[in-house]
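You will see two complexes here that share subunit A, one where it goes with subunit B and one where it goes with subunit C.
Let's turn to the complex of A and B:
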């Protein structure tokens, strides 16, 4: 019997619930730790980014309009699907990064747990961040947090899966939609994460995943007027400055962290990671007295 | 065949300065439209201001071709446009003849037209009686179009075929020929749709109508205009249509006097793309007023 040829997966972008190739037709070679090319992923262009923002914007009202409990279920479902694909992620991370299998598995497990943690926050963060304000007069006065809109997440190079999920989950649980630029050095986890999203009842456009180069895209992320917030970690000083500068024009919210210990659950699963991505709305309501 | 030919027009690559010229031309061809039961005088005034100054941050942009409203709002629109020199050159188009169904007695429809013209409409967008046309009473439809044309006086006439209800391209072609032969004069239009029926304008339907216009021109020497309306929302689509007009009818038709887009949301997309070219930044729809 002839030897079977293995069927390699084509990794694509994830935009608007579909898996398009980059409009630019470019690709990035992925090598294993010995330097051998094992596959290619899409090299997204500014137009792919633009399309992703359009998809995220159109999905945003629907995602925010779902009740918090439903968003929680969907994030939890993502955790379930990620758990199911855990070994695939772990093997890919081991093959393409310096991590050994034990470390790779630890990263996947932490990523699942992080999704579950933010699934929990979806219907609770508003109680923590919101408040009842004392006012003079016969009124109830509440302040409640609402999603800011479209959030762009610029993921750190490492840990490629856990870093990406830690940046995305606070935005998603609070009702924003996300366009994420995955790890530039190790993009493969970003490409596979699209498969998790597509099978987790995540509505098309709520999560959009790009693989590409920060040098090309940062300027367009910073200057895009239909983006409401940018989160990033592990970025160069130049990129961080470009994001802050461009964001000032349409007053995007910006949260860029230099170094994050993504395995510090207390810091990475805190509602204060949600707070920079919400707008506070204050409501006056007549009281009965 | 028409669909296949029409699809070819979407494959042209139009970039940089050619794209900018196309976007500006498309903007100058827009009939900025509001046809809703809830239209108020203030919404129409706001639309008129947008027609004259589409983007206040870019004074180099052209005005749109016309503002398209219901007859009751013609007076309001004309008065607002006449406040500026640039506005005086913007036409007021009024849908009439019992828009959008046309299912009213002919006298009522003709009165509708005369009233709109008296109120200051420069262009009348009429609907044909699709019921009569499909029932084979084409002579009656012909007579009705001729009667409406007469009632228009100096106002230009646009004949809406409502192609979404005509079922086949053969009937679209037949209705186009019928309308053009019913006394339309130079710079009158045939128009695809009311925007109230799905499907509205498509590339295929527009191509069939453009070819009818071309044959009519070869036969009579009269240049009839074309107005696809409904469903054209993106700049990319608008450029596809311009390519189709250029490659079917030639440069003579690349003017607002002979080609229009009936659209409400297209203008903002054109403005977003033009601003993106000017500033280098992707824009937000929030940066542009809805009316």
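Let's turn to the complex of A and C:
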């Protein structure tokens, strides 16, 4: 009897709620820890990135317009789906990185919990970050935080899943849409995360996931005029500097951290990670009969 | 709460106006989900439903729309309360030691399970309490789920709600809830308590214990650790035994101001914290520049929502004199389309009065109102079912500020209509009450809206809307309407100590 040949998954980009191949037709080999090629992921181009920004921009008003409670439930749903696919992620992380299975599982569990933590923030951050202002004169004056718009997240190489989620979740929960460039060294988790998004009631375009090379894309991210904010962590000095300079292009909000302990819940689940990605809107209204 | 009248044109007194009531019968649209109800229910203590002993006494929980006994429920004794408090105390150490994140995950599970069992809970709520299925389905149950979902998220974020403080759980909370929103009130009480690391003994109202017991099943399904929530059913005596129990660290009560004062005394005696959400006689103020159509809908949802069994009901209507006649005419016309009847019929707007005793209270006020010289209007026609407790929605005109029906909480579908000339007069009269739970303002002038909102002494001010609730929005009263808030960030305060 001939042995059954397994059907291998083709990993693609996730843009606008669909799974397109890169328009460039390039792919990146994924090797296991012994150096053997096990599969390929897309090698996204500048055009893929620009398409992702268009998708994120068009999805943004709808995403922000949803009730915070609804965004909260969708992020929680992502947590539920990630939990369900947890073993697939853990095995892939184990196969392609230095992590053993225990460490890989720990990363997946922390990723689920992080999504749940930000699900909770969706309908609370404005209560913590907003306020009523006691101005002089007969006015009601209050300040409410509002999503900045389209946020690009440049994920660190490691931990490939947890790092990506920690950068994306603060933007998503507050109503921004995201274009993420996943770990360059270990891109497989980014590719699979698209499947979580696609099955979690995340509206198409709210999350867009790219795999590729930072050297190629950083400059375009920095210079893109329709990107409102950039977050990143664990990047080279050169890439960090290039992204920071991007703020002069269209006054992007840029927040690049050198190194983050992604297992530090206190630091990684704080509203102060949301605050850089919101605009403070102050509303005046007279009060008089 | 009603959509179907908003598109209709202004009523003319006679001739070609649409006629409702007996001449416009809707086909029945009964909710078809069948709900299983056991013959007898025990308490839920330490993660288990209690089994009756020889001395256990039961009482019937009645369906107020047909007076049939739905099932027997256990009358809680002092001993039962002791056991429940002991269980809550034993569970406290483990529960508060759990990380906020893990506590939160239990609450998320509960929220999800409420969502999954939503239809069943809605049907049961309408059977046990008499409220229209449309309301239990669209308001009570979704909000109950939202309360668990919202507070789940706070469990690991408490330090952000109280900057510069180290919020700690208060301990074992005794919680007593009313019959008007049985499941929702259980959620309002339990969710924040658990999120903050407390354990709970809850006593549902005597007439509406069933959804709270169903909630206990959900806790079980969600593997909530035993003793974290304990539910003891019973009447006022059970409530008293709980309120006076020496093992409690906190009391929370929603209900009448008269009972609330006793609860406050019980808490004061032992110097334990207490939150109270009590009665109201809330003003609903309509200015002549308001959109009258919207205001009419606001009046309707303000007072006839849930048969008027709402602590924050807009039971005092103040209408600016120049539009008084118009408002009364349109209100009367709009009320003709309110359908009173079977709570399980999806067309029903006003269900059954919760109990025989409450119907007697309402009828007493109707009598007093007429005796005091006010004129009662009952615009709706049609028959109400022969069995069950029913009261047609009505309003009084010619009401004086001094009238009992303008001062006391009736807790039924009875509205007192009064008029005013200036905003200052509206503010003065609206605030002239020992209560301060809510207020409604209807005007198209934003500045006037904010001015009044600033000057009305009430915990919730609805502008061009009424009876809106959300887990993220704090709720609670000024003055004798209670103290403490439920919901929102401020609602957490009652369940933490520094």
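Everything that follows uses one rule, which is that the second predicted complex is superposed on the first by the 286 of 289 C-alpha atoms of A that agree within 3 Å, B and C clash if a C-alpha of one lies under 4 Å from a C-alpha of the other, contacts with A are read in each partner's own complex, and residues count from 1 in each chain.
Going forward, contacts are C-beta pairs under 8 Å (C-beta built on N, C-alpha and C of every residue); 3 or more make two chains touch, one makes a residue touch a chain.
A quick note: this is a predicted structure, and the numbers were derived from the prediction, not measured.
Trainee: Given the alignment on subunit A, is it a clash or a fit between subunit B and subunit C?
Mentor: fit
Trainee: Once the shared chain is lined up, is A:72 touching subunit B (first), subunit C (second), both, or neither of them?
Mentor: Only subunit C; A:72 stays clear of subunit B.
Trainee: May I ask you to decide whether A:286 touches subunit B, subunit C, both, or neither, giving the answer as first, second, both or neither?
Mentor: second
Trainee: Where does A:117 make contact in the superposed view: on subunit B (first), on subunit C (second), on both, or on neither?
Mentor: The second partner, subunit C, only.
Trainee: With both structures superposed, pick whichever of subunit B and subunit C touches the larger number of subunit A residues.
Mentor: C
Trainee: Does the superposition put A:226 against subunit B (first), subunit C (second), both, or neither?
Mentor: first
Trainee: Contacts for A:34 in the overlay, against subunit B (first) and subunit C (second): which applies, first, second, both or neither?
Mentor: neither
Trainee: Given the overlay on chain A, how many degrees, to the nearest 10, lie between subunit B and subunit C at the CA centre of subunit A?
Mentor: Rounded to the nearest ten degrees, it is 100.
Trainee: Enter the shortest inter-chain Cα distance between subunit B and subunit C once the structures share a common frame, rounded to whole Å.
Mentor: Superposed on chain A, the two chains' closest C-alpha atoms are separated by 26 Å.
Trainee: Which residues of subunit A are in contact with subunit B in one complex and with subunit C in the other?
Mentor: Of subunit A, no residue contacts subunit B in one complex and subunit C in the other.
Trainee: Quick check: in the complex, which residue numbers of subunit B touch subunit A?
Mentor: 280-287
Trainee: Under the stated contact criterion, what part of subunit A meets subunit B in this complex?
Mentor: Against subunit B, the touching part of subunit A is residues 50, 53, 57, 220, 223-226, 249-250.
Trainee: Could you please specify the touching residues of subunit C with respect to subunit A in the complex?
Mentor: Going through subunit C, the ones touching subunit A are 101, 104-105, 108, 146, 149-150, 152-157, 160-161, 422-424, 446-448, 450-454, 471-472, 488-489.
Trainee: Across the complex, what residues on subunit A touch subunit C?
Mentor: Of all residues in subunit A, those touching subunit C are 68-69, 72-73, 76, 113, 116-117, 119-124, 127-128, 138, 140, 265, 269-271, 285-289.
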